[in-house]
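As written, the chain order gives the labels A, B, C, D and E, with residue 1 at the start of each chain.
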Amino acid sequence: MEFINSHLLSLITFVPLLGALLVLALPGTREDIIRWSALVITCIPLLLSLLLFAGFDRSFAGMQFIERYAWIRDFNINVFMGVDGLSMPMALLCSLICPICVLASWNIERGVKGYFFLFLLLEAGMLGVFTALDFFLFFVFWEVMLLPMYFLIGIWGGPRREYAALKFFLYTLIGSVMMLLVIIYFYLASTPHTFDMIELARTNSLFDYRMLCWFGLFIGFAIKVPIFPFHTWLPDAHVEAPTAISVILAGVLLKMGAYGILRINYTMLPDITMRMAAFMAALGVINIIYGALCAMAQKDLKKLVAYSSISHMGYVILGMASFTDEGLNGAIFQMFNHGIVTAMLFLLVGVIYDRAHHRDIDSFGGIASVMPNYAFVTFLAFFAALGLPGLNSFISEALVFLGAFQKYRILTAIAASGVIITAAYCLWTLQRVFLGKLNEKYSLLPDLTVRETVSLVPLCIIVVVLGVYPHPVLNLMKQTVSLLNRIITGAGI
Amino acid sequence: MEFGIKELIFIFVAAMTIVPCFFVAFSRNILHSAFALFFTFLGASGLYFFLDADFLALVQLIIYIGGVLVLLLFAILLTRNIDNIRKTNAMAKNRAIAAGAGVAVMFCILIYAFVISSRPFSHAENAAYPAVTIKALGSLLLTKYLLPFEAVSLLLLAVLIGSLVIAGRLEK
Amino acid sequence: MATMDNFTSLSSFTAEIFLAGFIILLLAASFFRKNRESGMGFAYAAGIFGIVGTLLFELQGWTADNNAVYLFYGMLRNDSLAHLFKLLCLLSSLLLLVFSLVSRETNRRFDNTAEYVLLILSATFGMMLMASSENLLMMYLSLEFLSLTSYMLTGFTDRDAKTSEAAVKYLLYGGIASGVMLYGLSLLYGITGALDYASMREFFAGHEVSGIILHISIIMVMAGMGFKIASFPFHSWCPDVYEGAMTPFTAFLSVGSKAAGFAIIIRFFSQIFGLETTTKLGHTFDWQTTIAVLSACSMTFGNLAALQQKNIKRLLAYSSIAHAGYILMAVACRSQLGVTSAFFYLSVYFLMNFGAFLVVIIISNELNSDMVSDYEGLVWKNRKGAFLAAMFAIYLFSLTGVPPFAGFIGKFYLLLSVLEKGRALYWLAGVAVLNTVISFYYYSRILRLMLLSRRLKGADLSEMQRGDYLPYSLMAGLAILTILFGIYWTPLYNFSRLAGMAMK
Amino acid sequence: MTMREFIEQYGFIIVLAPLLGAAINGFLGKYIQKRSGERAVGLIANASVFISFCVALAAFAAVWSAEEDAHTVVCYLFNWLNVGALRADVSLLFDPLSAVMVLVITGIGFLIHIYSTGYMKGDPGCYRFFAYLNLFIFAMLILVLGENMLLMFIGWEGVGLCSYLLISFWFTKQANAQAGNKAFIVNRIGDFGFILGMLVLYSLLRESVFTGGLAGVEAPSLLSFRFLEMNIHLLTNTELFGISAATLVCLCLFVGAAGKSAQIPLYVWLPDAMAGPTPVSALIHAATMVTAGIYMIGRLHFLFSMSAAALQVIAVIGAATALFAATIGCVQNDIKKVLAYSTVSQLGYMFLGMGVAAYSAGIFHLMTHAFFKACLFLGSGSVILGMRHEQDIRWMGGLKKYMPRTFATFLIATLALSGLPPFSGFFSKDEILWQAWKTGHHGLWLMGFISAGITAFYMTRLVILTFYGLNRLHLRPSQDLEHDHDNHDHGRHDVRESPASITAPLIILAFFSLVAGFIGIPAALGGGNRFEHFLVPVFGHHASAPHHDPMEYLLMFASVTVALAGIAAGVFFYRIRPELPDKIVSRIKTFHRIVYNKYYVDEIYGVIFVSGTKLLAKASAAFDRYVIDLLVDLAAYVLRVNSYLSGAFDRIVVDGLVNGAASSFLFSGEQLRRLQTGKIQAYVMLLLFLIVIGVSFAVIM
Amino acid sequence: MNIIGIESYLIIGLVLFLIGLFTAISRKNIIGIFMGIELILNSSALNFAAFSRFSARSLEGQLFSIFIIVIAAAEAAIALALLLSIYRRFGDIDADKLDSMKG
């Protein structure tokens, strides 16, 4: 037990990696064994991260569960992992969503072994990004997560999957390549050459070309969030990716961009971040309004949900740019909530797609009378998406508004108007799909199967519970956020 | 600068090297250019004599004229039946003009460079330069430059085998 | 550093002597074997034995305390850089022989294999000389040695019109390029009055030389060397020869001869003009920017031209031009770390490129076509197709320079050495990074055809027979090394650091 | 243990009971209904509301009996949010104002629950209906009892959600679904205003309270009402965007109130909300939800009284809505639509009351209105049941004989609404008019006075057309029968009185609408105005007007006469000379059509807002797909090369815009490739050419 | 500067080199190109000899020229062999016809 406690993070990150190799070794024909073993492998990090959650010290702002192993001595690169209030919720979210995605990818027939191998690799990459504290390790995990995603979208995706996969990879590659330059520059500029993020954060005053580095990093992460001008890959990637992959894509991958900005831009270049705050806030508001408007005009249900993710991530950016405790806490809580809500939405889209084999909103109608349970869960998901008070997204949106209003009065007012557009397209979609006269083509659609319910129910519970009692997640991040704010405002003066 | 009989012959030999060169470049008949090449090589060996490099001149005569030129003649004869030898040497018009321009520019630049930096070329006055070079060359070859000597022998062996194999397929 | 005379230096020249002796032995043996058909197995076995022998001698002769020793009156300089590059070249010719065994072009109905092996061994001999030559004559001689043997090897089989056309093009272009280099060398000899690098370096340290003539001679010398490593201005032969020559030999050209070319460039520039030390000459004659410009051009040209290639070998040719540009970037850094990362990248490139060509060979054995479009739906054909596709994916991603693979670490070191030079070369790092993105584009076209599209086009693949496990285990080995060095690359780095330290 | 301790410990039961009821019916209702029928489901729902009604009574007693100063009882549950300077707890605040509201909600709610068991008999979705209804009661109680604005906002949106679910209860019909959508979105616009108000309030308070930054002081709950009441003076002199902070906050909050309580700009959803079942209209769209806005203003009266401008705006809009809605009410033919517009008009009255700072009068009118409007709606429900779901009053008539009890209760409620003396409507409406006049808003008094008359007129018209004269069901043109079931017996069908479960609540409500007025008899008429006295701890003392101001009697007399005149006009037009209205209508045809179509407000909104946003959405989606895509990504390249991939349209667009970033790479790649001509001498040419360049550069440097 | 000085050798060498280059580029016949190459090699051999006489004043230059000549001979041998295989394959030795591989 002591071993597990002292090596918790490396276990969480490398268990899926070993699992992936195990899956590779299994016989390709026995698909059921592969599926069940994949499920078990993804559940292990979930249990471990629950252990992490239990053992996490809420009152301490710095890094916990620190592990450092020498990797390449000559260049002072070491496997340095740790979690703090910022990465803890994200790791929890990631390890929670992965088993659900494995459940959702039960009906993959083609190349099952390859699929689950890549999926477990992806999970290892994602968990690695959230726990890595060594810049080189962070970059390696960032790209390791890129590869399986390319194939998962490319091979198991929809009709225009190749184009979508390529676009996804190229966008992220451009971003990460810029990041690589900045990483190397930081390495060379730091006096005892080091990749250790905390060390770099401490001695960040001595780098020059600060604006250039800040933008190099920011663009790399903005592509991932995605922020307005760089978002065009998201709708394509989502529409073409299989259900489980778009759940992971929206649920966890989008958070990496925001996490990156918080973890690197904020701590290493605080003065520039302070100066660029208004710019980020404006981008956030554009994301909210533009995403919502685009969502309203979509015909394809999955594309609509994709644009809604862009809109919700806009809140995160706005919250981050406010440098107030409420705003930043709201932003990180919104990252967590959005992960849960979008995962539900994509699962639900997957459910209807498996039955009707198309996602055109207008050709559905009156599904509620045929599939009541499905209707109930979708209503809950959509209402959580539009930020109905009593559900989890409202709290994060309220916090973001309360936090951001102090610094950007007009911008936040415009962002608040986004609430109306979001409500409009959510309800309009619900009405076109669920209410109204039953389209007799769908009169015999089966309701939720056991597998689908098992994957959806925990998410519903989280959505409602966090809405009423948000402390379990909010307490995690409070100390780190106040530390982060102090750094930024301190450096800004 | 004195202008004795030696310089006169030198100018003649230099002319004998350069003028046939132009024939090689511009003549329409490949055979004519081969002969022009012969005179150029001859002129070059003459120039070597003026540099007191007598062994080198002989090597030039034997290998270049005896070996390389003969090979070229073989090539010409083997690849063309005699009758239509005339129009063998066409010249691609536009490429020629461009090449000419390029070469001219290079010529001016290099002449300019030589004029600017002629000083470094003539600095090592002190070292004695042996009149008869054959003995010195021999000893130099077998002491300091033994390795290149052996390496070249291996190279010639490899070339021998290789070209035999490639050319050898003729009869099949 | 001791300068030994001929006989004493023989003792540390054992590897080359063994090889030369073996060549002559093999020549003699081939005369006495009459029957032709069993010759193929015997010749390749002998060749491999020869190379392995030389390798063993080389390793045995290598004293790790990298004290550079001048052999044959300063003709050669046996330092760790020379040893490492010799190792790399020997391994490339070893793989060339093994690939020739595997590829249908060169194993079954290929009559004079003995001569083929002989030429390969002599080419190797030439490369070993190139790695350690410290004298203009020796450098030119070894360069010509490799070039001439390569012309013959390119045109060796008369399989179709392409090979002979490629060989002639290679010969003509090589002849002119090395002629121009020779003229440059003569000018250099004229300026310094000496043939060996050490005295040239003293000359430059001592005398004030006008930049123009030096610049011109260096550019002309670069013509010959650029031709060898196929970097931008001197690359035109590369696509045609790569497409025309037999695939095993193309692989060898893209790695072995390129590595030898780089050995010459590194040695030529660092020994004559010095690395770290800013000789008086340093500031007047800045060869760094020239090479930086060359590197940027060849990177960009190589990647852009490869965007729409139809033939896989031509595509890999342009990619090798681009990679030549990347390595030139390290040379332009003019630092010991630069030399180290150049060697590191070359050894990683060795793994990826030979792996990629092995896949190309096996696929052309089955489908006998080099068109990229014939790779469509490879992964869905059968287990073998899936294995090939997976391996090729690993190599392609490594060639792009994406982290979990060794290619990324190579590029990482290149960028590190470039950025370490401060403001001067930031633009070069930017160009390199932009090229990485462009390069992914054409690598992904192959990936897309092989893995992503579900249309089963082209002939179907034969199942994996029991017999031919050699190529697959080799491929797996190279792939594992590519991944291993992507994760833990300290051993490889320690070796390449030795190379860096050898150069002052 | 005293009533106060009981509430402090177990006050949350009032909220928990309906939640449990909703949960049980929601999740298990389907099985309960299948196994033991609708009665059981109804029973669960009624029981839960009854429990919360009892606790409400206990709370009322606790608050009423409290000594002089301790008039508020707080039942603290748990800390909900504690982030940075924001601290919000989930705790319930019982004070005279919320006690009144809770009594109204649970009391009328309970009656309506009983009524619904009768009304919804036979409807398969019964369990769903009761679950939503209980959820609504829970949300409304949270709204009323919330100790801070955030908690109130949860209730605020919660009731919006329930009204959406209940309006589109019969979702199979597209119209109902659209009505539900409309209601929620308009409410959402209101909530946007509410959020803005909250944001401004919070940020200004945060600045003034935490001038020295947080520094670990135990953060007070900034948005809790008690804290606001104590520290609202901090906002007196602060400015924001050029207007005084208090006014800005009040205006934003009023937008929220207008959205929820259907005032002028945002009232369009209420008439369409009649698509829901009648008990829903009664409970939500008459008695409780729509009054939330007034309650909010009452709760934050100290804030509103700080800015006279805001109060003026509220008063004006209130009066305007009253008059405007009354005019539309006169020409509506659907019984529920008439009552809906009457509700809008009465809400306008309440806002007028609030606008002239007569808070207790506003709340008093709220209470009385809840009783008689609920009674009217339930009465119309039983009429609709009787007439086989026919809602158009033009085809009714003569129901007096068949439904005596419904008729009696309907008549009492109508008289109360018209404001005749003995009934509660008179006292509350008159109090408001008197306060309007007293505080100098003579113009607003006049508008209120006229709309009182019109109210009397259309209510009489409604009563006469429904209950008096001959039954005109057979005149109904068959085509507008859009709903399908049971119109088989076209001949005379026997209209029977509704069962006891429906009429009993009617009678109770009628009794209250009669009695309720007596607790608020103004001093002028010798009454102690105990209602206002009860709310003093919340609203503080009014400037005690001089007793027996003669003007008050005059106004009272005037309002009674205008009510009688309205009734007389109604009787005259529809009882004595029934053909007259048609003649008038034919003469003022266009004007009548405009008013009948609600001044085409819905259509105008439709064109400007709804289709406007849709157009904007389409524009931004198109912008996204073409302009950004092409500039940034490699679509151009991939599509051009892989023709089988690209659709015809994309190809046309893409080829047209060849200058995308991707295609520039491709273009240069193409040219460089063409450089490779295959001719050896071209290669050497390139070599020569580049050497020349290199050399000339060397010379130039 | 006397006539037989380094300058004249330089000029002769330069002219030979440039004419060789010009021939190699503009000739259509492959043998013509070989001739160009031979000229270039010859000019550099001449250069080496001249520098060894005038500037370096040591025999190394001449030795270099000898090696150049030897290698030129080797190259001519290979050229002939490849030329024959081209002739057998294509029927004629026109350089511009050798463009089957391009792009």
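We take it that a residue touches a chain if its C-beta (ideal position, glycine included) is under 8 Å from a C-beta of that chain, and two chains touch if they have at least 3 such contacts.
What you see is a predicted model; the values in this text were computed from it and never measured.
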Chains touching both chain A and chain B, listed by label: C, D
Two chains joined by the most C-beta pairs in contact, as defined above: B-E
Chain nearest the global centroid, as defined over all protein CA atoms shown: A
Chain whose average C-alpha position is farthest from chain B's own: D
Most remote chain, CA-based centroid, reference being chain C: D
Distance from the mean Cα position of chain E to that of chain D, given in whole angstrom: 97
Chain centre separation (chain A, chain D; CA means) in Å: 36
Centre-of-Cα separation between chain C and chain A, whole angstrom: 44
Chain centre separation in whole Å, for chain E relative to chain C (CA means): 27
Per-residue multi-chain contacts in chain C, two or more chains: 137, 141, 144, 148, 152, 155, 158, 168-169, 172, 176, 180, 190, 193, 212, 216, 239-240, 309, 441
Two or more partner chains touched - positions in chain A: 162, 166, 170
Multi-chain contact residues (two or more partners), chain E: 20-21, 24-27, 33-34, 50-52, 55-58, 60, 63, 67, 71, 74, 78-79, 81-83, 85, 88, 95-96, 98, 100-103
Touch relationships between chains, expressed as pairs: A-C, A-D, B-C, B-D, B-E, C-D, C-E, D-E
Contact footprint of chain C on chain B as seen in their complex: 109-110, 112-114, 116-117, 119-121, 123-124, 143-148, 150-152, 154-155, 157-159, 161-166, 169
Residues of chain E touching chain D in the complex: 21, 24-27, 33, 95-96, 98-103
Touching residues on chain D, where the partner in the complex is chain E: 673-674, 676-681, 684-685, 688
Residues of chain E that touch chain B when the two form their complex: 1-12, 14-16, 18-23, 25-29, 31-32, 34-35, 38-39, 42, 45-46, 49-60, 62-63, 65-67, 69-74, 76-85, 87-88, 92-93, 96
Parts of chain A lying in touch with chain C, wherever the complex brings them together: 71-74, 111, 114, 139-140, 142-144, 146-147, 151, 154-155, 161-162, 165-166, 169-170, 173-174, 177-178, 180-181, 184-185, 187-188
